[in-house]
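Before any comments, here is the structure.
Labels run A, B and C following the written order; every chain starts at residue 1.
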């Protein structure tokens, strides 16, 4: 695509290198001169924040692995060795542990932003699917990473999640044994999880390169959902997007630092500071917060196999999203009905998260007993999660296909720049002031 | 629109957050520990008293495998002395270590022997292994206390509450033999409860009986040795043992956050200047 | 590798195209940033922000480097105490100190005399024998057992000087641990140590 490149190497080394490996040109075209829509808001800064998160996790992880011992007998003590004896070990470990949570906060906001502004719609289907692949890899990496400290939650979480494989009819049992490397989660499981936990982030990095590549082929979406039509609609990536991303990153890092330095264990669970004991399960086993919605879906379905199918289906449906949405308008900014259903979806996801943290039979409204359906009281978290699960699937499989055909969207502006330029308040200061004074 | 959603999400988090810790046990009583808050520090005198309580009461059954004697002389630790940067040289730590025998191997004969501990040695465990620990405690395993303050919901306040939480069982509650009724322990008493199924008494049954009583430990600094004082001091010591770098962490955090706020401010100014003539 | 954004594929036409006046407004907006009102202040803010970022980066690097330095438990084990009564005259024991061999040799009078005599010899790394042991403790020679050439462990009593001989590349040390022959550049290292009593020594 060098035909469009505006990169002009300086004579000397830059030109010499450019003729042999145009890497500076690639960076220039991708991150300096690259045109971005001028109306991107702060919800569009999470891509940059996520790259930062990935970088932080990889660097802190590599450093932690220099001190960690992947052995069932020593893992717990080696993590505490990092916390107590390794220079700045506490900082590295708390950064890595809370970094996972920060990564998921950012990725969820990034995904909801994509949903709201229709960033999955043509021509960005591949871009969206690559993002879903990254999300899946992130989940696998985070799960295996959580096993490594070999605390009670690590161990029994690994038991529960690997046993999901056992739900597969006929072949489930042998696959489970193969996956665990034995007849229970043990040293072999821990070692392979460590190996894969080290490998997967680099696979994520690889898919991120594809994700960014795909983004730069089709161009960024924007809050209006309208394609840029001229240079007036865009601004060069540097300095406009870089400085905005940089500011957003610094604010995000403040949140990150508050967790690392002042409440490093707030997002974790006390039971994980008890060394793994295969003979005793914690009274209340829950996954990390970022898996809670899926955990709730798993438990919402009364049948074990169907529960697993529903849980994976909840992620699988995202892959089909570009073809489930029939709307001709990208951004929900111009789709009042879709906006409403979207808000309910977000609420449903949050409700699912809470249900995942609760015991299924606990009462939602304390003290109120209603009647039992499917062996559970209607006023219970299992029923609440059933309703939310139902809405989750209905949103993607019913609302999205039908709404695009039935709704009447608002009128969309003709160009990205036009609403901004025609609105007096948003008029560029320099452009506005000059004619007035002259007049 | 998305802004509204953020608010809704934040509100829901606030409402449902505390509800995550479900249970029928009593909520730990509030203690104003010196190490609470963003600038909190450990009270060295309290840590020293807490160590004594651990050593004279808890250590008879509970190990603290992750701690070494040298840790007592680490910066922020109970016996830290600025004169001895290397805790191995701290004479107080050396003396405390030498009070106890640790297992070793005689390098000439290969026999298992014991010798007085050195600062680099770990705290010796009261039992040879978990089986011996169970056998000595009616089948129940006394948990290792190294990170117990982080391994229990409620942290040090829970530990102190628990140590003081033994009460005579209410009418209708049968305590199994060899167990004790503790109102702060998150257990399940329904098996021994004859009253209304929906309102079981708070707490649970534990294998450890009440351990602390007034004047059981003599404090060297003259602090009045009440059971409550002992419980709070040992809880503070457990918090230090579980999180010895807490002071360092909070101090670093203060500097980091100040820096980040200034950095964000600078970037915002830079952002405003870059974008000042652009509509967006 | 990086493709062109979609809008470049076609020229603006149809209902979405711009009036010429609009374009001018937009362009003036783009250009006005480069011709700012007060360049010095603008530059200062950008430079300050970049400097702050660089400062943060440099600060973050330090924990990443320092974590590879010896951890607290390693440092704690760095000193050892040893009871010398176990070593008979003419014998040497090798103990593990910081993961390296440490030679503690109880020298005979003949070996001490040989070492003192050679103070006058031509030495590659000249040092008197008296400076290589504690005063009044001439029989006790304590050395780090790593050849100063490339770190192999020399064998005791080997070589023509009766000191040590390194099997890797033939460095030969005398009974004071001084290099006499072979590729090693310096004498065997005397670690920091102190006698706690007549029979007890603390190394490190």
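Convention: a residue touches a chain if its C-beta (ideal position, glycine included) is under 8 Å from a C-beta of that chain, and two chains touch if they have at least 3 such contacts.
If you're wondering where the values come from, they're calculated on a predicted model, not measured in any experiment.
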* Which of B-C and A-B has more C-beta contact pairs -> A-B
* To do: Just grab the chain with the largest centre-to-centre distance to subunit C, centres being mean Cα coordinates.
  => A
* Structure fact -> So, in whole Å, the Cα centroid of subunit A is separated from that of subunit C by 42
* Whole-Å distance, subunit B centre to subunit C centre, using C-alpha means? -> 37
* In subunit C, which residues are in touch with two or more of the other chains? -> 29-30, 32, 49, 53, 72-73
* Structure fact -> Where subunit B touches two or more other chains at once, the residues are 260, 263, 267, 270, 274, 276-279
* Asked: In subunit A, which residues are in touch with two or more of the other chains?
  -> 84, 91, 235, 246, 417, 421, 428, 430-431
* Asked: subunit C touches which residues of subunit B in the complex?
  -> 68, 70, 74, 86-88, 108, 119-120, 259-260, 262-263, 266-267, 269-270, 273-274, 276-279
* Contact footprint of subunit A on subunit B as seen in their complex -> 1-2, 4-5, 8-9, 12, 16, 19-20, 22, 38, 65-66, 71, 143-144, 146-148, 150-153, 186, 242, 244-245, 248-250, 252-254, 256-257, 260-261, 263-264, 267-268, 270-271, 274-280
* To do: Quick one: which bits of subunit A touch subunit C in the complex? Just the residue numbers, please.
  => 1, 3-4, 26, 29-30, 34-35, 59, 63, 66-67, 81, 84-89, 91-92, 123, 213, 216-219, 227-235, 246, 414-415, 417-418, 421, 428, 430-431, 434
* Provide the residue numbers of subunit C that touch subunit B in the complex, in ascending order. => 29-30, 32-33, 36, 42, 45-46, 48-49, 52-53, 55-56, 59, 72-73, 75-77, 79, 86
* Enumerate the contact residues on subunit A facing subunit B in the complex. => 38-40, 43, 77, 80, 83-84, 90-91, 94, 112-113, 116, 235, 239-240, 243-244, 246-247, 250-251, 253-254, 257-258, 260-262, 264-265, 270-271, 273-275, 283-284, 332-333, 339, 343, 346-347, 350, 354, 357-359, 362, 417, 420-421, 426-431
